[in-house]
Each structure stands twice: as C-alpha cells, then as structure tokens.
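To keep things simple, chains are lettered A, B and C as they appear, and every chain counts its residues starting from 1.
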Amino acid sequence: MAAELLMTPYAMDRFMGRLIAEGPVMGPRDRRVQPGFVKFEWLSSADELVLEYTTTTIPPKKAFFPPRQPLFEFELSEPPTITAVQEATPFTLVGVHPCDLAGLSMLDDAYAREPAEACWPAARARARVIGVDCLPDEYCFCFAMNTCNSREGADLFLTPIARGYLVEVLTEAGEEMLRLSDVEDAEDEDRSQAQAFRRDKGNRLSASIDASPEEFAEILETQELGELWREIAGRCYSCGSCNTTCPTCFCFDINDEFDLGLTGGQRVRTWDSCQLQEFALVAGGHNFRRIRWQRVRHRWHRKFLYLYRTFGRPYCTGCGRCSRACTADINIVDVSNEVIARARGRV
Amino acid sequence: MPQEAPIPRFGHKPQVAFFDFACCEGCQLSVLQLEEKLLEILGHVDVVTWREAMTETSSEYDIAFCEGSITTEEDIERIRAIRKQAEVLVTLGSCASGGCHNELKNQWSMDEVLGVVYGDDAGGISTIPSRPISAVVDVDYQTFGCPVSLPEFVTVVSCMLTGQHYEPPNQPVCVECKLNDYVCVYEKGEVCLGPVTRCGCNAICTSFGHACQGCRGLMDSANLPAMLKALTREEAHSIMRMVVERHSLTEDEIAAKLRIYNNWPELRMEEAQPDDD
Amino acid sequence: MREADSVDVTEDITRFYQPELARVIAKQRLSEMMVMLRLQRASGEMLEHQPGQFLQISLPGYGEAPISFCSSPTRTESFELCVAAVGNLSEAMHELRPGDFVGIRGPYGKGFPLEDLRGRDVLCIAGGIGLAPLRSLINYVADRRAEFGRMILVYGARKPSERLFKDDLANWDAREDFETLYTVDEADEGWTGRTGVATVPLRDEVEIDPTRTTASVVGPPVMYRYVAAELLAKGMAEDDILFSLERRFKCGMGKCGHCQLNDLYVCQDGPVFRYTQLIGRSEAIEVWAPEDERQ
C-alpha cells in the first residue's frame, strides 16, 4: 500500500460529491449559525467540506461515540420489551487530522480491552476514514505526543500541496474508494511539497512537554504534588470542558428517559466527565473524589499514568482542545511542565 | 414493573392549576410554547386554572405550578394556601425557585425601594425583601430559568407523573454546550457565565451564539474565585487573553454580572467553593 | 444513493448494555429502608455468581444500578438482592410485586476468593447494609461447612430496627459451629445485646489465630479504617484482609470510568480487594487512617 497519488482541487470536489451521493459523509464544515468556526457534521454537498481548518470544538470521535446515544428503547408491556437502537448504514468520515486519527486509535484500544465494549467497534466497522494534514496553532503539541504524523486507522490520507492534495493510499478500502475519484500519478515535486508541508508543521509546533512519557508517568506516580494540584484547582471551574472536548476521553453516564406517553422511553448513554463534582458520588452519598484538586489530579494521572501504563502511550494526542476550551486558562502543556519542573527541582 | 395507570399517586386524572406571583409571567407563556408536547402532557392531566390559557378557574386542584417571587406579606399567605390545597407544588422558573431580577431590590432598604418606585405615592404600599417561593413553603419540584427551561419542565412533568423525584442537575452549562458541539462564547471574545451556572437549559443561549447570563442560578460548587482569577489573569493564553483585554472587567463588574440572577441568598463571591478544603 | 446495503452486524452491538429479563418471585421487607427481592431469570437458566459479585439491575424508565448478591451461590434455583430505598430506581423497586419483571446484567466483578478461603478461619465484619453481600459468603460457608475453619461474624447495625436478615442472624447465632457477635449503635427498649460500634467487640472479644484467618469486611466507608487498624493489631497480614468497596458502576465492565480507584476499576478488579492491593492507592480513601485521607 501507501501508494501516493495526486488529487486536484477539482477532482477532490468531484470525489466528495460522489462519496456524498453514495452514502452519509461526515466532515469538517463551517457552522451555519456561527461562520468561521468549523465542526464535524454530516455533509449535504461537497462545497460544505472545509479541509483546511485548525481544530474543532469536539473531536471526530462523535461519529462513533455520539455525545448522546440511545442504547435501546423500551415499552412497559407485560413483560416489558427492549429493542436495541442499532445503526447499520456505512458512512465515511473525512478530514481527520493526524492527532485525531491517533485519538480514534486510542479509543479502539480502550474499548477493545476485555471485556470489550460493543458499540464502538461496530460503529468503526461501518466507517471509512480519510485523514488530512494540518498546520498547528499555539495550543497544539502533537509533535510532543508523537501523533503529528499519525496515519492510524486512515484509509486515505491527504496532504495539501500546490496542485491540490497528495493522496496516500493506506488500505484496500482506501483504494476501493478511489474508484470514485479522478486521481493522477504524483510527481517528485508533489512529494517534496508534502514533505515540506510536514517540515513546516513540525517547525511551527513550539509547545512541548519537557519529559518523556515514561519520565512524566514516573513523576506522577512517585511525587507528592498536592500543593500544585490545589493551586490549579483554585482556578478550575470543574466544568468538564477538558473532558468533553478530549479525543481520548471515553467515560460515560447511562440514564433512562420516559417518552411523554409515559409507557415507553429510552436508555441513553451520554458523555461524562471526571471533573464534574458528582462523578464519583455513590448511592450511599459518599463522594470519593469530592474535593476539586483530587479531580484535577485524577485527570493528569488517568491520561499520563494509568492509561499510559495500560496501553503503552499517554492518552493525550496533543490536539490542545482542552487548553483552548478552558475558560480558566488552565493549559495542559503549562501544567504538565510545571509538574515536571517542581519534581526536578526537588531532586 | 409499575405499568398500570401512569399516575398512581393521585388515583385519578390529576387537576392542574397555574399561579403567578411577582414576575413577568413569561414562564407560563413559555409552557404554552411547548405545543405538541403540551398536548401530550394534557393527555395525562386536566388543567383547571391557567390565566394565560383559559378563562375558567377552580379552587380544586392536585398539582400547582407557581411562578414568580414572594414580595409581600399577602404573597406569603397566598402561597401557603396554595401549598395547603396542592398535593404537588412545582415552582416554575428562577423567580420562584432560586434568585432572579426581583432579588436585586434586596440590596436596598424597603423604604428606599418604595420611595424610588412610587415616590410620594408610596403610602399604604408595603413590600418585603423578595424571595423565591422555595424559601417560604416546601416545594416538591423546582424548575429554573428565565423563562423556565422547557427541557427541564418536560423532565419534571415526566418525573412527577411517573412517581420519581427530580434533582436539578449540579453541572455547569458548559457540559450541555459542549455535548451539543456549540462554539464556546469565549472563543469569540465574549464573557459567558456558563462555567458557574447550573445547566438544564440545554445551553439554549450559546446555541444562538449568545453568552449565558446565568439565569438558572449558580450550580452548587460554582468556583466564583476562579472566575475572578480567569477574567483578570494577565499572563493568559491567546483566547482568554483576548477576553481579558477586551473587557478588562473589575471584580465589582464581575460580581454585578453574577448578581443579576444570583442575589438570593445575597451573592458572596468568596464563599462559593463548598467542595474545596 | 447507494441502495441501503448495510454492514453485517453479526452480533447484537448493544449486548454490552442491554439487560435480560428476570422475574420477581418473592419480596420480603427487611427494615424500613430495605427490601429483599428473590429473582429468577426469565429464561429459567441458572445465574452463576460468586459471593461478593454484583449485578446491574434496572427498571426501564427508572434507571439501572449495581447491587451485590445477598444469596449464596449454593442455592441455585434463584438469587436474592437487597435494595435500600435511596433514589428513584430503588424506591420503584420497593413497589415491585411477585410476578413483576426487572432487567438484569451480570454478574460482574471479583467476589470473595473462595479457593483461598477454603480451609481457613473465616472472620466476617459487617456494618449496616454491608451484611447483605456478606450473607452470600456466610451462607456459602454454612452450606459447605466442612470446607472451612472457624466462622466468626461481627455485625454492627445502627439500631435494632435496622438489623437485616433477622432470621439468618438467629440461625447463625444458634449454630454451635458459628461464633456471632452482634451489636447496635443505639439500643431501644427491647434490645438486650451489645451496644457500641462493631470495632469494640472485634477488639475485645474476638480471639483469632492470625496466621489461619482471613477477614472479610463490608460496611459504610467510615468503618474500614478502624476495622483495618484492629485487624492489624491482632497480628493479621494485610494480604489476609479483604475489603468490598462501593463505587458507582454504570457499565460494570471497566469502561464508563465512574468506579476508577487510581489505576484500578473497582467493577473489574474488585469490588472485593485485598488490603495489599489498596496500599499506596491514594483514592482508596476509606481504608486509610484519618490523617492519611488527604494524601
């Protein structure tokens, strides 16, 4: 695989048009109510697609794990009936940045861990994924998290060049998709432009974490940093936006809702956040992470220690969404580096 | 599994009355805007008193929906009488359930307030510091919002009719805003009270790109000192730097923004972190 | 549009979340707050569980919650759950009648390690409704009595009226081969037994051979650290002390994140833990001495 082809802007437009005619396509699209801000959304025409964008508020995991997802419907008959809500239509997810490809792959691993979750892989199996390269802003640190050149799970990957896009064909499904396109053979100049794009991207990435993932995990594991966590918590709203915008967060809540007919309804799964005050509250009334700084610490420990140890890489893609979304300006890179600096300062 | 008559607690099709106290009556109007959903609800109950929707009235009812604040001694007597009659009392909107504009007057003495509003004609008019209905009588279900949040109203009705309690969510508006994939108002350089305000409105204001004004009141553990720090922080990164520089709010201005919907009990910026040690 | 071809969904993708039906075959009120439900799978098949494991039980429309088994797996025709009225779901479950249906998923989690307990002295310390999961273990021991050494139960309830399983308590008390120490925090007029918290009879009246005893502790969070201190004072090894921890399980399969305790998922790695597993884990806050709570 990994053949490299050229797709001109015109060919891209036609390709997207055909993909959309063939089945549902989700991709980055300008917001109708608030133009200038891009979100992942179902596309109704090729011209809606915005392939050059910095980031989105919530990551493309929503294509496979919707923020609010009915699991089944029930009717209170005798006995009650339970009917699974099960999507089966194949779709295409377009315009996924390398960091988000890595994020999807991390969720593949997280949900596949025994006992494996069932909804995520079923949704993944329905989708083809087309990635696209991007240029970072000040919040991005994908280089530090080793995701800036990820191609994980992508069937096709696009890099912007002068003549359009250099297309990397990564899977058979990707090759199959290209039957809908008018691709040409890429030339050396196209390839070197794509390399230059990646170099430029790397050069623009200034934010980084000052320790290796292993050293960072060891610091979190061994160092008592209560004072720092309290300082951060003093600024933290516990609003959960760092979680609800995170491409690697996968916690959820499950609740029932009656229809207004009051004889039936749905069991619904929604995204949840460990930063919210009641996340660790139990039926008896005890809250095992009642204090704000305990929740702040948990976020760093979960991403950079526990899941790092379980899956072999930190559960952070460097996308910067959490820092961008934090209206208390708690920046994940700054805090991580402060953790590292204080730990080293003690030695 | 409970599955017979949907409303066992009443033993019959319950009768519903709407009442208003000091308010704009916008909550009642909002409920009318439920349209199809309202028709579904009306399949389970009979409305016997509803000034904005019908001419008939009745003194017999099982469920009372009450909007508005308590601002006179007569209000206190009236709401106590309603409480006595109603098996279930539901407060409608922030005036009735939390704090709203009415409580702004509590910053001054009642004599001053009467003088400003009525001048020389204030004689014979009496008023008391404004308070929500929930501060005067026991309330079975509370709904918040200015006007009342319709998703919460529907949830409360469904809980009431299926014999369930309803706890207002103790999460900020940011949660619903993000789950709906709306653009954060701060990203556009505006100040939004979403991070400290109780959700349940499905982030209706930010869905239109407007900042949350905090109409549903503060959530239980709202970190107000954090808001002071965030909005005055000098070394902020680009998005928050834009917000801080554009507005350069003082602590008093931030408190004034919060007080609009949060003056019951009196707003205290420094006492709002109950989950911290 | 491409014709509505669909991905072959070979298995039910929501099996992870979707309950099967079980039928209530008996209901017994244990106290003002507690009822016990005896249930059978609608399929008629046996539900194999271990003492200490839990089940996700639900009523459509009212939600789903984790509840520990309180019956012994030696009694196979049905299983029992003890439900405290603390919210919408549990209050609705208190209204159930024989013949009604509930949804169940499970069993989940690691229960008491029966293989390791076999041949050893079994010391159970129960506080309040913590007796429910321990009843599963105690009746297992009762039914396989020859396989275990001494059976000692220390049970503390807040008030005599809140004591659970009064028939079982009397039966265990009457057995020659069981040692029972019951206490209540607040006595009433009819109460002639001990008063005070469970740690007092544990400290003053229980003599054990620490090398051949395994302690199983279930109670309110505030109880654990004091019981731990008493057991260590008796010379017990940390590895021989088992705690069953309560957390909020939403999925029961280590995904939803609600029950995470440092790097452990209580629903998968527990809910029954050895004390040794919890040492060094700062979020097992119920087992640490009061001065350590903020670590």
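To be clear about the criterion, a residue touches a chain if its C-beta (ideal position, glycine included) is under 8 Å from a C-beta of that chain, and two chains touch if they have at least 3 such contacts.
What you are looking at is a predicted structure, and each value in this text was computed from that prediction instead of being measured.
Ranked by distance of CA centroids from chain B, the top chain is C. Here A is the chain whose Cα centre lies closest to the centre of all protein Cα atoms. In terms of their C-alpha centroids, the spacing between chain B and chain C amounts to 41 Å.
For the pair chain A and chain C, the distance between mean C-alpha positions equals 38 Å. In chain C, 60-62, 87, 101, 294 are the positions where the chain touches two or more neighbouring chains simultaneously. The set of chain B residues that touch two or more partner chains comprises 1-2, 162, 277. The set of chain A residues touching two or more other chains comprises 76, 78, 80, 257-258. Across the complex, chain A is touched by residues 1-2, 4-7, 9, 11-19, 21, 42, 58, 60-65, 84, 86-87, 90, 101, 103, 220-221, 246-248, 250-251, 253-258, 260-263, 268, 283, 285-286, 294-295 of chain C. Those residues of chain A that touch chain B in the complex are listed here as 31, 33-34, 37, 39-40, 56-58, 62, 67-68, 76-78, 80, 138-139, 233-241, 244-245, 257-258, 260-263, 270-271, 273, 276-278, 290-293, 323-329, 331.
On chain B, the positions that touch chain C within their shared complex are 1-2, 159, 162-165, 277.
Residues 21-23, 71-72, 74, 76, 78-80, 82, 84-86, 88-90, 110-111, 113, 115, 117-119, 122, 125-126, 224, 226, 250-258, 265, 267, 269, 272, 274, 279-284, 286, 288-289, 294, 298, 301-302, 305-306, 309-310 of chain A are the ones that touch chain C when the two sit in their complex.
Interface residues of chain B facing chain A in the complex, by the touch rule stated above, are 1-3, 6, 37, 40-41, 43-44, 154-155, 157-158, 161-162, 170-172, 174-175, 178-184, 186-188, 192, 194-196, 207-209, 220-223, 225-227, 229-230, 233, 236-240, 273, 275-277.
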